[in-house]
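Presented below are the structures under discussion, each in the form of structure tokens.
Two complexes come next, and they have one chain in common, chain A, joined by chain B in the first and chain C in the second.
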Partner chain A sequence: MRGARHRSGEWLITLPSLAWLGVFFVIPAALVVVTAFRPADLHGGVAAGWTLENIETLRDPAWLPILWRTLWLSAATTVVCVALALPVAFQMARVGPRLRQFLLLLVVVPFLSNFLIRIFAWKSLLHPEGVLTKVLVSLHLAPEDALLLNNAGAVLLVMIYTQLPFAILPLYAAAEKFDFHLLDAARDLGAGPCRAFMKVFVPGVRRGILSAVVMVFVCSLGQYVIPQFVGGASDEMLGNKIQQRVFADRNLPQASALAAALMAAVLLPMLVVAAWQRFGRKEGAA
Partner chain B sequence: MKRSRVPALLTLGVIAFLFAPLVVLVVNSFNASRFGGEWDGFTWGWYEKLWEADEVWESLGVTLKIALSASLASMLLGTLAACALHGFRSWLQGVHSMLVTLPLVMPDILMGMSLLALFVVTGVETGLATIWIAHVTFCLSFVTMVVLGRLQDFDFTLLDAARDLGATRAQAVRKILLPLLLPGVLAGGLLAFTLSVDDYVITFFVSGPGTTTLPLRVASMMRTSRSLPVINALSTLLIAGTFLIAALSFRLQRRA
Partner chain C sequence: MDDFLVIDRVSKSFGALRAVDGVSLSIRQGEAFSLLGPSGCGKTTLLRMLAGFETPDSGRILLGGKDVTGLLPEQRPVNTVFQNYALFPHLNVWENVAFGLRMSRRPREEIRSGVDRMLELVRLSEHARKRPAQLSGGQRQRVAIARALVNRPQVLLLDEPLAALDLKLRQHMLVELNAIHEQVGTTFIYVTHDQGEAMSLSDRIAVMNEGRVEQVDEPEALYETPRSGFVATFIGDANFFTGMPVELKHDGYLRVQVEGLGSPLVHGSGFVSSHEPVRIMIRPEKISLTLERPQSGERVNAFRGVVEDSVYFGSHARYHVRAGEHLVIAQLQRSRFSGGGIEPARGAVVWMSFHPDEGRVVRLEGAA
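After this line comes the complex of A and B, so read on.
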């Protein structure tokens, strides 16, 4: 009797969020995959029947440069973000609680400030009439006609800028739990600060590194707003193509085929990580 | 043993990197120069222009309406979800937990695209309601995580104590659990609010012709160079607002 009440209580408080996510998250995601196999109609909608045409167009070699660019920009963003975030997380975990709260606030505020505003800030900084160009030119570090905007470098810089907090926050969470006595022990045993950091701290926060890598890489893969505003015509990523298929070409099935491919690209690393973590836990228990 | 100064210096550098563009933005909102490359004197002019830009205030109204209602709904759904995830261990919660975590790592463009597909296939007109649905969906997971963190610190023997002293189950929940959980729920709500105000990508996909939220307005202003310095002024106000909300949320989460 009590057990039955327990069960119905569980369903009662689980159902609202479960149903909401089922209807507005799972079904839409499945719908994208299904729509990828549907023909388009002329009014921007989805026609009846089935087709493999959308999927086949993905095999066009013209996609390769875009795919490659999406991958390398995401990978480079991830590497730089994690490399910068590691010492920051290390430092944040070592200072006193008040300063730590303050540092955390400093990291969170740019992260919570409007995404477009952050892009806009960089767009005006990198503008030919902007501060950064003027400073670099006056220091003779750049030629008079330097163009800092509308190139892959600008896209990478702004991607690093917007993704950095996504790397700092999980790494800080891991560093907070790290036992810093291990570091002192390594130093006592003769390791230099750099060696102790690399051989003791970095392996100690590897789970944090893993979540930072997944967060940054996955979010970067779907990026399209940054290339749109600070990139040139040749810096488009997969996301730009999805957005153009939806809004410029009004071809939802084509966009869905691309989105489904992106979804697979996102889910794959996560499944690998999940499997690796499960395997790792078993290994640790043994 | 002497600690290395390198991590501290790098941290300072990273924080400077994070703030430099925002500082330049704020300074330039008072700069008479159009492109902000040099200082042409102090002015309130851009703020006056912003004050007269009716379409900006109109979209602020739309944004606030959506953000308030979406954060309330996600607070309710997220708190229930967190209670379920914390209180039970079963296959159902396994599925539930996966469903709650996945939206956190789903790129925005996929979420926007898939919700658009849902609305197109079911023939729902995009507009205020569809934006609200999308915002509740992505805020839900964040609220759940914040409340769940709070629940993990909660001492459940307090509930047993209340029951022992004669409180009914409902009374114990209302008088003990809810007041102690409230700061966490509010912090989650504040996070949901800021995320909703901030969102551009998902909103772009599910908005209709008549509904322009503030980020959508900023994006269209960014495309016309005429209104660029006005965006500086608007951004300064928004950054100040974000700072206040973040500080408030920190306070709520710290008070144990």
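After this line comes the complex of A and C, so read on.
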């Protein structure tokens, strides 16, 4: 009984944010899905009536390489970001409060400058006449004709750079709650520092890892600015295609169909995982 | 094997604070040993140095004749039961206990039998699949002990093992810990601030204060013949009187002139010099209260006082008796057969008496 009342209280507190999410997220997302089934009119708007034409075009096999590239770039970004963020979050949670504040500031400080400006900064860094290329060539770490720009590697690098704070912040939040005495216990039981980290710290912050993965992966999937500026002609992601449908083709229903397909591709596996976890947890508690 | 674990002049400072100051101890194999002292006395730092979490600034730690001072925690044949148990929340009981064996990459069959046997020892076999969060405090404690002992450590360190438990459970775990110690025969080193815990768990106790060892002895010896005022007050209660030694008798007793109490005769051990004041100590329960002057030979010290206050504890009662400038605490068992069976009221004039063997000379300095 007490638990039930407690839960209803929790619901009440969550109500404002739920309402916010509903009005500004769920309804627009539903509108996107609805628009995918509408015909386009000639002025870039949405006409009346219903059609499956937009969905039909998604069956074109030409989409597959783009979808594949979008998925692997996002997955690689996620893996690298989480791998880099784990030790950072670990150290941030261990250092004293002053240094911790400073490190947090360092993580957040890139957001003070405009996202596009930072991308352009990367563009000039990676440019064949840019600083990075010249330094690498002069150290004989790269061939004379090295091209750091306009390829998938550049896209990946800048994506990682952009998304890293979104991996560090949830992991830091989880690491801050982690009981570091557990590492002493692991060491005491014969684990070296690395194994203690892998066997005790990593499972201990697994919720933070899950948040970081979702955060980085989902944000990466919709990315289109980075491939457009630092990628080559063959590095386009699904986001670029959606952008082209909206701005170049002025075909909103087509763009909506693509967006809805991407949304389904992300949401369905996540729902399956969430359902499986809930089911699994209930079973474990019984 | 008298020198199984040797702590040799070990010191450790944190900034300006000397947490452990030149401590030397030698602990026998299979012994149940306690480091006892108030918080901040350095006992936890000493334990962390034994486990390998801290490195001494100077001094050595020898285990079975081998210098282990520089070894990392994972390299020492020493395991710890942490104060809040530090069980891994993401692993179930069985996996928690198996952790150490997995780390040392033992064969699967050995891990299985080792963990099962250890869970049987601490009577948790039917809880093997539960998570630590689903266990009671006492069960968690037993998991922590099993997780440490399964590695067959040469020394088991227990950091305040009973502090997190409630009174009833604590008394039960006292018995259980003694039973486990008897069964496995491993050297146990307890760290505790609770003198009762230390007395009932250990073969010997090192009383620590301000980074130093005040006295190492068996529990009974610590209680009956404390060498310093600190030890006397930390282990039990005590009355102290300061006086000048006037006569050292040839049978080993010492007569001390105490202002307001006459010149009681006390046990002379610990007495050093006749030109300096000495401090004598008498436990409250060693003092008898009578209405009449006791039939005294020379062997009884008796003096008069006025009862100022009395506190009833059920099993015993305590009296605060004023004798000149001294306020003496006396403790009486509520039994017809002991202590004359009187119940003096406040303001009553009584005789206090104690046998010379019950009076002890303690060090003057370091008194609490």
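Note that in this section the second predicted complex is superposed on the first by the 241 of 286 C-alpha atoms of A that agree within 3 Å, B and C clash if a C-alpha of one lies under 4 Å from a C-alpha of the other, contacts with A are read in each partner's own complex, and residues count from 1 in each chain.
By our rule, a contact is a pair of C-beta atoms (placed from the backbone, for glycine too) under 8 Å apart; a residue touches a chain by one contact, two chains touch by 3 or more.
Just so we're clear, the structure is a prediction, and the values are computed from it rather than from any experiment.
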| item | value |
| --- | --- |
| First, second, both or neither for A:Gly45, with chain B first and chain C second | first |
| Which superposed partner A:Arg195 touches (first chain B, second chain C, both, neither) | second |
| Partner chain in contact with A:Met92 - chain B first, chain C second, else both or neither | first |
| Touched partner set for A:Leu156, first chain B, second chain C, both or neither | neither |
| Residue contacts with chain A in the superposition, chain B compared against chain C | B |
| Touched partner set for A:Ala167, first chain B, second chain C, both or neither | neither |
| Contacts of A:Pro203 with chain B and chain C, given as first, second, both or neither | second |
| First (chain B), second (chain C), both or neither touched by A:Asp184 | both |
| Set of chain A residues, in rising order, touched by both chain B and chain C | 184, 187-188 |
| Touch list for chain A against partner chain C, complex | 179, 181-182, 184-192, 195, 199-200, 203-204, 206, 284 |
| Complex contacts: residues of chain A adjacent to chain B | 10-11, 13-14, 16-18, 20-22, 24-29, 31-32, 35, 44-46, 84-85, 87-88, 90-92, 94, 101, 103-110, 112-118, 120-125, 127, 129-131, 133-134, 161, 164-165, 168, 184, 187-188, 193-194, 197, 214-215, 218-219, 221-225, 229, 239, 242-243, 246, 252, 255-256, 259, 262-263, 266, 270 |
| Chain B residues touching chain A - in the complex, by the definition given at the top | 1, 3-4, 6-8, 10-11, 14-15, 17-22, 24-25, 28, 34-38, 76-78, 80-81, 83-84, 87-88, 90, 92-93, 95-96, 99-100, 102-103, 105-111, 113-118, 120-121, 133-134, 136-137, 140, 144, 194, 197-201, 205, 215, 218-219, 222, 228, 231-232, 235, 238-239, 242-243, 245-247, 250, 254 |
| Contacting residues of chain C [partner chain A, same complex] | 51-53, 72-74, 78-80, 82, 84, 86-91, 99-100, 103-104, 131, 147-148, 151 |
